[in-house]
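Two complexes are shown next, each including chain A; its partner changes from chain B in the first to chain C in the second.
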Partner chain A sequence: MGKKYDFEEKYREQILQCSRCGFCQAVCPVYGATLRPALNAKGKMLLLKEVMDGKIDLNDELIETLFQCTTCANCFQNCPSGVPVMEIIKQVRKDMVSVGSCHPAFKGMNEVLKNHTNIYGENEPEDFERERNKKAEYVYFIGCVGSYREDESTMATLNLLDRLQVDYTLIDEVCCSGVLEDVGYEINDALAAKNIDRILHTGAKTVITGCPYCYRTFNNKAQYDQLLKEGIQVTHITQFLQDFDFGITTDKLVTYHDPCDLGRHCGIYEEPRNTIRKIATNFIELPANRENALCCGAGGGVRGAYAKNSIAMARRRLDQVEEVGADIVLTECNSCVHNLANARLRKQKFRIYNTTQFINELMEEAE
Partner chain B sequence: MDESIRQALIEIVGAQNYTNSLIDMVSFSYDASEHSGRPVCAVWVESAEQISKILQLANREKIPVVPRGAGTGLSGMAVPIKGGVVLDLTRMNKIVRISIEDRLAIVQPGVVYATLEKTLIPYGFFFPPDPASGKVSTLGGNVATNAGGLKGAKYGTTRDYVLGLQVVLPDGRIMKTGSKAMKSVSGYDLTRLFVGSEGTLGVVTEIILKINPKPTATSTALATFDELADAGSAINEIMYSGIIPSALEILGKETIIAINQNTDLNLPEVDAMILAEADGYTPEETDFQIKKIIAVFEKNHPKDVKLAENEKEVGELWAARKSAYGVLARIKTHFVLEDVTVPMTNIAPLLKGIQDISKKHQIQIATFGHAGDGNLHPQILYDGYDPDQVKRMEEATTDLFKLAIELDGTLTGEHGIGLSKAPFMTLEHDPVAMEIMRNVKKMFDPNNILNPGKMALEE
Partner chain C sequence: MEIQGYNMPEELYYEENHFWVKEEGDFLVMGMDDFAQTMAGEIVYIQLPDDGKKLKLGKKFAKIESGKWLGKVYAPVNGEIASVNEELETNPGLVNDDCYGTGWIYKIKPNDKSEIENLIRGKEAIEKWLAADIEKYAEE
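This part shows the complex of A and B:
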C-alpha cells in the first residue's frame, strides 16, 4: 500500500526508532530557549508517528514545531537510536508545502527568489569597491548574509585577501538557494545555473566561500555538480586561511563559536582553530564546542520565522561566552555573527567577529 | 473541559503558560514507555502557590492533574491516561541553595540532574544517584520514581539522599516534610512516603538533597565468562570480599551479540561480561580494591580478565556497556526496558530464566544491568505494529515478573510501577499491603485527581 506522504515512504523506520529517551532535549537549542518539549526532536518525531498512525493530519497546526528547527544537528549527534532528524524534517517540510501548509516566511522566501537574486529581495547589491567577473585564480563567493547584512565584515575579509595578495575576483553572484531545500522547496535551478556560469567565466580553479552554507550547497547538491565536473574546487575561507602567516598576535582572551554548518555538517573543527592559535596567545574553548557546540539560533530559517526565539537561542550561547570571560568571540559564518551580534546585551563587553575581520583589524593596527 | 475552568487556569498561570495546542498535547501524551494518553490542556507552573490554586480548582471540579518533568520515565507514570491537565514542572528549575558545610543542596523539581552535577563540580561534590537519563531527567522526576543508576551498588538510590520536601497536596494545602538536619526521627517519615510515590500523593515543589564529596580516583576492570554460573559465583564472591564496587555492571550474551552486529567493538560472544569500577581518593586505594575484585574474577574460570591501565583503556572497557541501550533501541521499532531486581545471589538464575523466557515466547530479550545491586534491565525487542509480537512480548513480560518475584525480587528497582507494571502489583504485594496503599492514596487524594490510573491504586 502506498504511503500518504513521502516522509513516511522514506523514513518510517527511522521515525519509529526514536525511543523517546529525550537525549535530544538536553542539546536542542529551540527547547533550551523555550523549555517547550513539543519543539525538540522527540516532540517532532512523536507528531510524525501520530500522523503515520492516522491519529492526526499534516496541517497548519504542526507548522510551529516542524518549521521551527535550526537544523543544527545536535540532536542527531546525541541520538542513541541514530534518528536522522534533519533529513526527516526537510522531507516533512516538503510534504507540508505540497499540502499547502507552510510557514509564510518560507513561502515568501521561495517567492522572493523567483524574482530576486537574494533572500532579502534587495535590488541594490553592495559593490564592495571592487571589479567583478574578471579573470582570476580564485572566486570569492560572499553569500546573501555577507552581501546584504554583514557587509562590514565582508569588506574586511576582502581587505584581508588583498593584504595577503590573493588573486581573486568577485562575481555577480546570486543566492545559492540551498536554504530552500531546508524549508520545504527545491534549489532554484535558474539561480544555480547563473552562479555556475559566472564562476566558470572567470577561469578560476577554486571558489572560496565566505558562507559555510554556500560551501555545503556547492559541494553537496546535484544542481552544482558541474562545478566539480569542471575540476573547480570549493573551499571555505577558514580552510583557505590556515596556511597563511599573518605576522600579528593579540593577547586578548579569544574564544571560538563553531557554526553548525561548518562543524557538525562538514566536520571542519580544526582549521579555524589552527588559524586562531596562530594569532591569539590566549585561547579558550566555550563549554560546548566542536561536535557539541550550541547553535546560535539562526539556521533553518528560524531567524526569519521565529525571531524572538532565535535571539533567545543566541543569548544562551552568549551566556557561555560570559562564563569563560572571553574578550573576543570569533566564528566563521555571517549568519552566526549577525545573530550573535543582534543578541548581545549592552553589559556584555566582548566583541563578535568573523576570524577574517579580526585578523584584518589586527593587521591594520600593526601597520 | 468547561470554558470557565480553562479561564480559571489561565488566570492562575497567565496565557503564555497555558496551552491546549495540538503539538503540545501530542508531546505531553507520551513518556519513554509504550503508553500514551492525550491530555486536555497543560500548564507551565512557576511556584507552589500556583500549583496550590490549580489543585484546589481541580479538586473542586474533579479534573485529573498529571505532574510531569522531562518525560523520560519508562513505565508510563507521566502519561495522562485519564486526560486532564498536565502540570509541567520543568520551568521550576532553580537551585535554591548549596551548602557544602551542611552537605546539602536545595533544589526546585525542574532542575535537570546534569545541571546539579555540573554546579557541584567546582566544590568537589556530587549527587550520587545518576540515572542513565541524567542529562535530561529532572530531580523532581528522580524523586517521584526514586531513580537509581550505575552507582547504586555503593551509593544507593535517590531515596537515600532526600532529607526533606515541600509538597502541595491534592486539596491545595502546602506541606513541609523532613528537615535540613542529616538525621531526624521526628514523627512518621513522610519524606520517604513521597519518594517513589509517582506523583500520586502530592506535587513536590522543593527538595532538600544530601550531597557527597566526589571521589577523585577510579580503577576499572573487565571480565568475560563462558558460563553464566561462573559469572554468578564471581558476583557472589565480590559481595563476600568486603569490597563495595562503585559500579558492577553485567552484559548478557544477547546484548553482546547485538553490540557486535552494530558496532566495531568485536566483543567475545560469551555468556556474560562483567565490568567493575572501584572509586576512592588515591590510586593506591582504588588499585587495592580492583585487585581484590580481579582475584575473584580469576578464581571463577573467566575467559578473559583485563585491567584498564589508562584513561583510554577505561573508555574502551566502558564503550560496550554504554552503547548497549542505543544499539538495542535500533534493532526493532519498539522495546520495553524492564528493571526487575533480585537479591544478588539470584542474578545468575534470573539471567538464565530470562534466556528461557526468550526461547519459550520466541522473542528477542537482551539483558544488561547493575549486578552490584541485583538490578537487571531485560530489554524486550519487538514490532509494536505486529499484534502477534505484541502478544508474545506481553506474555514474556508476565513470565519475567513472575520469575523475579519467585527469586525473592521486585517488579521494579528504579523505573517505578506507573502503567506498565500496575497489573502485576498483586504479584508482589499481599492483599493487606495493597489495601494499606490504597487507603494512603484515599487519605491524601479522596477524589483521585492526582495522576489517576497508576500503581493499581484504584481496584
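This part shows the complex of A and C:
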C-alpha cells in the first residue's frame, strides 16, 4: 500500500535514522532564539515519526513547527546519523501545501510571483541609473533582496564593478523563484524562462550574482539547465572578485559572516576570505565559522514568515561579533546583510556590509 | 477625530507619507499615523539613526519594515535627530499598539520650527488627504 504522504515514501528510513541525540539542538538557530525543542531538527523528526505512525496528520497545527526552519543545514552538518533534514523539510512542506496547510506568507509569495516580478510584489524597481539589456561580457543579476531591500548595497556593488572596469549589463530580471521550492511550491517556469531569454539576449558568457540563493538556483535547478547548455557560467561575485587587486587596505578589525547558502550549501568558504585578507590587515574569525557558522535567521522564508524570531536569530549572531570586538562585519549575501543590519542595536557600533560595498567605500575614500 | 475607521488626531501635523508630527518645546516628535500602521501590518523593524543625524526636508532618512512592506521615512523639516524611541529596537510592535503614544519614533531638533506649517494640518485638510489615500490604496 502506498504511503499517505510523499515525504514518507521518500524519506522514511532517513527520518527513522534520527537517534534523538540532540546535536542539532546545539546549532539550530530557531531553537537558539526560541528555546523550543519542537522547533529543532530532532523535534521535527519526532513529529514526522508520529505522522508516519498515523498518530497525527499533517494539518494547520503543524505549520509553525514545519515552516519555521531556515534550511541553514547546520543540523545536517552536525548530525552523526546523516539525516538530510533540509531535503525532508522541503518535501514535508510540499505535502503540507498539497493538503492545504501552508503558512499564509508562503501561499501569498507563490501567488505574488504569478503576477509580479519579485517576491515583495513591488511594482517599481530601482533603476540603479544604468542601461539594461545591452550587449556585454557579463550579466550582473541582482536578486530580489538586493533590488528591493538592500538597494544601497547593490548600488555600491555596481559602482565597484564600474571602478574595476568590468563590462557588464543589468537585465530586466525577475525573481529566480528558487525560494518557492523551499516553502512547499515549485519553481515558476515562466519566470525562469524570462531570465534565461534575457540573459541570452545580452550575449554574455558569464552571469555574476551577488545573491547566493540565485547562484544556487541557476546552477542546480533543472529549470535553468539551458544556461549550462548554452555555455553560460554562473558565478557568485565573491568568486569573481578574488583575483582583483583593489589597491586599498584598512586597519579596522574585520570579521566575516558565512552565509549558509554560500557556505554550507555551496562549499564557498575561501574565496571571500582571500579577498578580505587582501584589504584587511586585521582579520578575525567569528567563534562559529565556515561549515559551523551560525545562521543569521533570514533563510528558508523565515524572515518573511517569522520576522521577530528571525531578527532574534540575527541578534545571536551579532553577540558573536561583539565577542570578538570587530569594527566591521562583512558577508556575501543581501539577505544576511538585511537581517543582521535590522538586528543591530544602536549601542553596537560595528558596521555591517557586503564585501563589495565595503571595498567600494574604501576605494571611494582613497580617491 | 475618526475618518473612515482611522484615528487621526486633529491637533497633529501630518507628513504626506503618513507620519504625524507634533511640537514639544523646542523639538518636534514624529511617528506613524494610524492609517499607515494599519496598512503596514505588524511592524518588525524601524531604523533608528544615531543622534545628530542631519535631516534634509523631503529626503529619506530611515526605513520601516513590516512582514509585507518596506516604507521609507522622509524628513518633515530640516534639522537633526535629537533622540529616538529606543524601546522600538526590541519592541517595534509599539507602533501598532499605540502609534500616537508609546509608539512615537523620532524626536527632531528643527532648524526652523515654522517649517511644520507646510505640513497637512486641520480637520478639512486631513479629511481630504486621507480620503484620497484610502481610495488610492483600495485601488491597488
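Keep in mind that, in the parts below, the second predicted complex is superposed on the first by the 367 of 367 C-alpha atoms of A that agree within 3 Å, B and C clash if a C-alpha of one lies under 4 Å from a C-alpha of the other, contacts with A are read in each partner's own complex, and residues count from 1 in each chain.
The rule is short, and it goes like this: a contact is a pair of C-beta atoms (placed from the backbone, for glycine too) under 8 Å apart; a residue touches a chain by one contact, two chains touch by 3 or more.
Here the structure is a predicted model, which means the values were calculated and not measured.
Asks: Looking only at contacts as defined up top, I'd like to know whether chain B or chain C touches more of chain A.
Replies: Counting contacted residues of chain A, the larger count belongs to B.
Asks: Mind working out whether A:Leu253 is in touch with chain B, chain C, both or neither, as first, second, both or neither?
Replies: A:Leu253 contacts neither chain B nor chain C.
Asks: Based on the superposed arrangement, let me know which partner A:Met363 touches: chain B (first), chain C (second), both, or neither?
Replies: In the superposed model, A:Met363 contacts neither chain B nor chain C.
Asks: Given the touch rule stated above, what does A:Arg149 touch, chain B (first), chain C (second), both, or neither?
Replies: Touch partner of A:Arg149: chain C, not chain B.
Asks: Identify the partner contact of A:Val166: answer first if only chain B is touched, second if only chain C is, both if each is, neither if none is.
Replies: Once the two structures are laid over each other on A, A:Val166 reaches no partner at all.
Asks: Who does A:Ala288 touch here: chain B (first), chain C (second), both, or neither?
Replies: neither
Asks: Which of the two partners, first being chain B and second being chain C, lies in contact with A:Glu64: first, second, both, or neither?
Replies: Only chain B is touched by A:Glu64; chain C is not.
Asks: For chain A, give the residues common to its interface with chain B and its interface with chain C.
Replies: Of chain A, no residue contacts chain B in one complex and chain C in the other.
Asks: For the complex, give me every residue of chain B touching chain A.
Replies: It comes out as residues 21-24, 26-32, 44, 70-72, 88, 90-91, 93, 112, 114, 133, 135-137, 325-326, 329-330, 333-335.
Asks: Could you list, by residue number, the parts of chain A that touch chain C in their complex?
Replies: 105, 108, 120, 148-149, 304-305, 307-308, 311, 342, 345-346
Asks: Using the touch definition up top, name the residues of chain A that touch chain B in the complex.
Replies: Going through chain A, the ones touching chain B are 13, 16-17, 19-23, 25-26, 35-39, 42-43, 46-47, 50, 56, 61-62, 64-65, 80-82.
Asks: Going by the contact rule at the top, pick out the chain C residues touching chain A in the complex.
Replies: The touching residues are 42, 44-45, 48, 50, 65, 67-68, 70, 84, 86, 89.
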